[in-house]
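Same chain, two partners: subunit A is paired with subunit B first, then with subunit C.
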Partner chain A sequence: MHFLRELWDNVREFVTTVGAVALFFGRVLAQLPRALLRPSLVVEQVHNTGALSLVIIMTCGLFVGMVLGLTGYDLLQRFGSEEALGTAGALAVVKELGPVVTALLFAGRAGTALASEIGLMRATDQLTAMEMMAVDPMRRVIAPRFAGGVIAMPLLTVIFIAIGIFGVQLVGVQQFKVDAASFWSQMRSSVGMDDIMEGVVKGCVFGVACSLIAVYEGYTATPTAEGVGRATTRTVVISAVLTLILDYILTAIML
Partner chain B sequence: MRPTRTVEFSTGLFVLLGFAALFFLVTQITNRELSTGGKSYEVMALFENIGSLKPGAAVSMAGVTVGRVQTIGYDQQQYKAVVRMRINSQFDRIPKDSDASIMTSGLLGGQYIGITPGGAEEFLKGGDRIEFVQDAFVLENLINQLASTFLRRDQGNAPDNSQGGQGANQGSQQPPAEEPKK
Partner chain C sequence: MSSSAASTEKPDAQTAPDSIVEVRDVHYSIGGRAIFSGLNLQIARGRITAIMGPSGTGKTTLLRLMTGQIKPDQGQILFDGIDVGSLSTSALYALRRRMGMLFQNGALLTDEDVFENVAFPLREHTDLPDSLIRNIVLTKLQAVGLRGAAQLMPAELSGGMARRVALARAMATDPEVLIYDEPFTGLDPISMGMIVRLVRQMNYALGITSIVVSHDVEELSILADASYIIAGGKVAASGSFVELKDHESEIVHQFVNGLADGPVAFHYPAPDYYQQLLAD
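Let's look at the complex of A and B:
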């Protein structure tokens, strides 16, 4: 009986959280146009979430591509079709690895920064102070950060993909001497515009999801040091899980 | 003023890098030689069997891609596959009696339609149908034919050979005269 009640409580808690996030999302969207009227705030957030994540995204993209080149070459040369490495590597990076790994890194690098920053504002009563000065923190703090994340994420995804393909090429063509012409021509003949679109759409969706989770967790953090820490942890965990679930759904839709 | 300029500069750099990457992906990775070409016309052909031909597959003449497969349908009256293809308008001198065959590029490659020009004076135009077609090469059919040919030959040449059943599967390439007789 006790167990059932706990289960019920958990389910209700979960549904409540989903509803709260949805309502929060609506409020952010309502403030978004007005936030975009002050581009300097948004630019600052694109800088924080995007430009500062650039180095880690590029490094990881390069190494993911190089690992893909190694394993892909090893696998394909068993069947004597090393030239297919271009196709295999490009499709894997463009459609799956690019958006997903970028989203995970984005949650770890930018999401935590957003959540802890907003959480700390909450803990030090900055948000309350803004409200007292008749400045809507949703418009001044939350919406620009959300917009910045949503703008930065697709760009980061595309950069990751481009660097990743360069990494595949580095290992495949430079190290293992796969014929460069057939590497590129096979890639070109089998990767279509729709594959690129799939990667970009995934990047946008993950960007919205991860940014929303980050600002929501920060905004609703318990205003203590422990609460801010917990909000940061939850941001990473929820973003990662949500990214992978969304990835399955999006792949199933766009296959 | 100085920190703002730095922020704006690095943000601009980031955005430009993003668009450069997107440009690289769109132009270098994908194959858009014909989708941007603009004008094209549509021809169709009926096949008994299209194998694993997919929409978007290349239509090529002498190895040069001249168009793409637009849609693949099924005609319930004639029990045939209807393949509609878009040919780039710059290739407007394809004779009417050309023949379209479904071919495979490489061992793991996809299938495409190869057009061999005929000798007619008239050329294909939008809405025309290519009459002469050659179906996809289905491996199973070929193996079946091969197997039945060998089986027949085996039975015809060595009716009293006790190993005839197995020979149909493995050793039948050798002439029966070389088989050890005991």
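Let's look at the complex of A and C:
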């Protein structure tokens, strides 16, 4: 009986939270056009979430590509198909690893920064002060940050993919001397525009999901040090889980 | 603002002012605990009104009700005749443009410098050119004595300076009512004296109404034209400070004279001390 009651409470809490996030998303979307009318605010957030994440995205993209080059070469050379490394590596990076790893890194770097910044603004009465100055924080703080994240995420994904493919090439062609012409020509003939669009679409969807979770958690954070810490942690955990679930759904749809 | 401004005198006490804020039979509870149960008070236009009371009596909650951040369970709060609790979000934001609020911690935007903090409401609500905004901001900062600190970040300010910047920001759009939430808490005597002087200057020089929520009896006795003491969810006493000092109510006597024990007990309710000590 106790177990059933606890289960019911958890289900009810989950449904309530999903409803609250949906309503919050609606409020953000309603304020988005007015936020976009002040491009300087959005550009500043694209810089904060995107440009400041570039180093970590590029570094991780390079190493993910290089690891893919190592494991891919090891696997393919057993079948004498080393020349297919370009195709295998590119497809893996473009369709899966690029958008997913970028989203996970985005949640860890930009998402936590957004959640803690907004949470601290709440804890130090900055959001209430804005409301008292008749300035809607949803328009002035939340919508520009959400828009910045949504714009930055696909751009970061494309950069990750490009650097990742360079990493595969670095190991395959430079280290293991796979024929460069075969590497690139097989990649060009096998990877189509629809594969690239799949990666970009995933990047956009993950951008909406991760940015929404970050601004929601920050905005609804309990205004204490512990509350802001919890919101930051929840941002990473929920964004990561949601990214993987959405990745499965999107892959199944676009297969 | 120059301290020599001739218009910083109190208005004629004989002129009966009308009310700009009226709290009518307000009931409000949080988590089943009644904060207010039939609260009634009036804030006179153009005067400085103090709202006092022991910690936890709901002074800040009353400010939140007056500014429409929360709604009363029952009763009305009228701002210049408008029922604050019944307003839509857009109407409430329009009404708030007639108010300015000074938060206990200043609530400055930590990523903006002092200049941009004061300019913030002007940039959000007006299309004034930068040159005019600059002049307004410098005028407001001059009034609080911090024109020279315009380029400092909030983290570089002392508590008193942060509150003066917040005051300049609250005044930026020339509101009709300035609300101060615990403006003296945690300040040294010099900063406290500055804030007292500023509140008085702003009120009488600009002809605005000031509502000061605090428990600093001494400062409010110098500052306020009228005072309310809230206790037990209602107004326990009201009037001038002299009238409050001679008030017959025990709780008012304890509060005004700063006595450690009285109706507000020193000890939080607990089981018998000796029984608890000997229990284990």
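Everything that follows uses one rule, which is that the second predicted complex is superposed on the first by the 255 of 255 C-alpha atoms of A that agree within 3 Å, B and C clash if a C-alpha of one lies under 4 Å from a C-alpha of the other, contacts with A are read in each partner's own complex, and residues count from 1 in each chain.
We take it that contacts are C-beta pairs under 8 Å (C-beta built on N, C-alpha and C of every residue); 3 or more make two chains touch, one makes a residue touch a chain.
The model shown is predicted, which means the values in this text are computed figures rather than measured ones.
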{"item": "Contacts of A:192 with subunit B and subunit C, given as first, second, both or neither", "value": "first"}
{"item": "Touch count on subunit A, higher of subunit B and subunit C", "value": "B"}
{"item": "Subunit B versus subunit C as contact partner of A:252, first or second or both or neither", "value": "neither"}
{"item": "Contacts of A:81 with subunit B and subunit C, given as first, second, both or neither", "value": "first"}
{"item": "First, second, both or neither for A:4, with subunit B first and subunit C second", "value": "neither"}
{"item": "Partner chain(s) touched by A:140 [first = subunit B, second = subunit C, both, neither]", "value": "second"}
{"item": "Partner subunit C, residues of subunit A touching it in the complex", "value": "120-121, 124-126, 128-129, 131-136, 140"}
{"item": "Sites on subunit A touched by subunit B in the complex", "value": "40, 43-44, 46-47, 50-51, 54, 79, 81, 84, 90, 94, 152, 154-156, 158-159, 161-163, 165, 184, 187-193, 195-196, 200"}
{"item": "List of subunit B residues in touch with subunit A within their complex", "value": "4, 7-8, 10-11, 13-15, 17-19, 21-22, 24-26, 28-32, 35, 56, 58, 107-108, 110"}
{"item": "For the subunit C and subunit A complex, residues of the former touching the latter", "value": "67, 69, 89, 93-94, 96-97, 99-101, 103, 105, 107-110, 120-121, 124-125, 166, 169, 173"}
